[in-house]
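What follows is a set of notes on a single structure, which appears directly below.
Each chain gets a letter, A, B, C and D, in the order it is written, and its residues are counted from 1.
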Amino acid sequence: MTGAVERVSVASAGEPEVEARGLTRTFGGRRAVDGVDLSLAAGDCLALFGPNGAGKTTLLRMLAGLLKPSAGTARIGGVTLPGGEEVRAVVGLISHASMLYGALTARENVEFAARLHGVGDARRTALRMLERMRVLDRADTPVRSLSRGLQQRVSIARAMVHSPRVVLLDEPFSGLDAAGAAALTNALVELRTHGATLVLVTHNLGEGLEMASHAAVMQAGRFVRFEPCDELDTAAYAATYRELVTRGP
Amino acid sequence: MPHNAGYYHAAYIIVAVVYGAYALSLWLRLRAVRRKHDQGSNGVRVD
Amino acid sequence: MTTQFTSDVRAPAVASPQRTRSGISWWFIVAVIAVAATYIRAIYFTPLEAIQGPAQKIYYVHPTSAWVAFLAFGIVALASIGYLWLKDLKLDRVAESAAEVGVVFTSVTLVTGSLWGKPIWGTWWTWDARLTLTLFLWFIYVGYLVLRGAIEDREMRARYSAVLGILGALLIPFIHLSVYLFRTLHPMPIIGKPSRPSLPNEMLETFALAFVSFTILFIALFRARYRLAIERDALDAQERG
Amino acid sequence: MGPSTLGAALLIARKDLAIEFRTRTAFFSAAVFALLAIVIFFFAWDPTAVAGMDLAPGVLWVIFTFAGLLGLNRSFSVELADRAIDGLLGAPVRREAIYLGKALANVVFVGAVEAISIPAVALFYNTPFGGRWLAIAGVALLATIGLVAVGTLFSAMAVNTRLSELLLPMLSLPFFVPIVMPAAQATARLLSGRPVVEAANWLKILLAFDLVFVAACMMAFPFTVEE
């Protein structure tokens, strides 16, 4: 892993990097996210589990500044949501959709994202990001002709080109092969060592717990469990999780 | 004095018919929503 | 007739006092009486206008409906601005109701306008500045209703309709200006300009009565449509809840 | 922090045009549509009864309206393809910059279609533009700004609905009346060699429309993307 991330800003130890108090979002009558409390310091990684429709994606989109909260408060990197440009400058979002322009090449997509975030020397930073995600050799082919896994890597490169302090990942490992997963894991580890805070939504317990410093299970818009990883027994956790998921909301 | 009373007769009739029909449509739509609403909230109760 | 609402739609659980048992509101009864009175007075107790003849009696239903149409779309614009500011769905329901009733009144205005134009100006349709503006009004607000119908998500429907409601109002002066400028280039053969104030008192009094009764009719229809909007939202919330 | 509003707008416009240049489908279909319409319109009238000259302004503006609408529809569908719009909305860029960027790209797009159609009309309708090219291009630019200001906003809304191909024209066309009418009148004046001042009234309406609706649509745009 060559090339350190230039802009490194480690938040002061005390103040949490990602914080939510009673965060809620309703669609019509339905409460997709119903009073979530959360506190993560710089360098933490929260593994977020839960059945489909539990509200994980909605929570992520709110933290990314794409969705306005209906109630409750949240602070990202010290800025209260909906923080507008300030929040979005420090957040990177990786979602199911690649968020890329199919007609443009991988390089153009990542470079565009870099310029959009005001990254200095967008061209070089974009190339380095593609290289770290091991997709540099396909940098000049239109993204739509890449395989799902390669597109996922380009999407990850796009989301992290501005070295965000908070990275929100919605099932990023889905569609990645071993090499892709390794590249993603290394990139995330590196970001964490430089003080970034991660929220990783995944269905893969092993993958999540291995990476995370905290674990949470979300169901029907609420955190039914939220605890640091070192306090929990992985086997017992896996059992209760399966039971929770099969019983449904 | 031109003999064009037919035009205003037509106009008055159309005005009454259109507004009346619209009022009726409102009433019917209101009744339909209420019936579906009542059915929905306390089981299938066809009154 | 039991009316139940889910808790989060803050509508009166008990039917509002103005509503008689059978669900017809007092406003509607008053409106029907007022319009009937207008008809009787206009047909039997108002003198005929010498030049235009009996067709001039359309004067009591055409401009009065037109005024209500413009009033309705003024309400749509104000409610739309209100919604974007306060994000209160009640305002969106006001806009929705006013738009639908407004389109009905605009349609009547157009039909009565051409029924009046035929005997007076000799053609069913003239590009008279006011009539043309009413026609475009009709297009804008039918578009508004179609837009509302094309969006499932309740909040997005409210937001998008509000944007169109405001832009629609902004457009009216521009259409009026360009149509007016266009029309003065090709002046219409104006025989007798309808509705000039130099009318005898009886006619003005009938016009005033017509003006008031059609406005009351608008209020009655608007309230009923607003009630429908509330109950529809309650039903959607219940089905999706 | 992100680039300035104008900087971001130019960036987004460049990206849009790069995509358009790469795929070129929308542009070619709009351009060919315009040329086809010009030809078909010509045969719609009996050439002996109506001189080509009198037809040219009207034909020109009807075509620009519909060619423009064709182009405007793709403007936001390219964003929704892989939720690239989330990338834009997730960037530290003001929503107004996104609107400006898309509108700039659309002005270039519609302008390009016009650049092909005006000479074609001159050719097929043998209307001597008589050195009035610049004035007509000016009128075209003013009108295009108005068309695009409204069209870009409605495209952002229509693309999120079920029947966007139908909804966009239906919502936009009433708004095009105070653009097409003055533009066609001004073009007619210019083509018939009359002094430019005669078209002044019409150009004033066009200019007022552009000022009001660029501002209004830019203020309204955030409401169409903010959830």
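In the analysis below, contacts are C-beta pairs under 8 Å (C-beta built on N, C-alpha and C of every residue); 3 or more make two chains touch, one makes a residue touch a chain.
This one's a predicted model, so the numbers in the text were calculated from it and none came from an experiment.
By number of C-beta pairs in contact, B-C leads when B-C and A-C are compared. Centrality annotation: D (chain centre taken as mean Cα position, compared with the mean over all protein Cα atoms).
Chain centres here are Cα means. That of subunit B falls 15 Å from that of subunit C.
Averaging Cα coordinates per chain places subunit A and subunit C 51 Å apart. Subunit D has its Cα centroid 33 Å from the Cα centroid of subunit C. Between the Cα centres of subunit A and subunit D there is a gap of 39 Å. With touch defined as above, residues shared between interfaces to two or more other chains in subunit D number as follows: 227.
Residue positions of subunit B touching 2 or more other chains: none.
Touching two or more other chains at once is no residue of subunit A. A complete list of chain pairs in contact reads A-C, A-D, B-C, C-D. Residues 64-68, 85-86, 88-89, 91, 93, 95, 97-104, 108, 112-113, 115-118, 142, 158 of subunit A touch subunit D in their complex.
The touching residues of subunit B, when paired with subunit C in their complex, are 1-5, 7-8, 10-12, 14-16, 18-19, 22-23, 26-27, 29-31, 33-34, 36-38, 40-41.
On subunit C, the positions that touch subunit B within their shared complex are 1-4, 23-24, 28, 35, 39, 42-43, 48, 50, 52-58, 61-62, 65, 101, 104, 107-108, 111-112, 115-116, 118-119, 217, 220-221, 224-225, 227-228, 231-232, 234-235, 238-239. Across the complex, subunit C is touched by residues 27-30 of subunit A. Within the complex formed with subunit C, the subunit D residues making contact are 150, 153, 157, 160-163, 167, 170-171, 173-175, 177-178, 181-182, 185, 201-202, 205, 208-209, 212-213, 216-217, 220, 223-224, 227.
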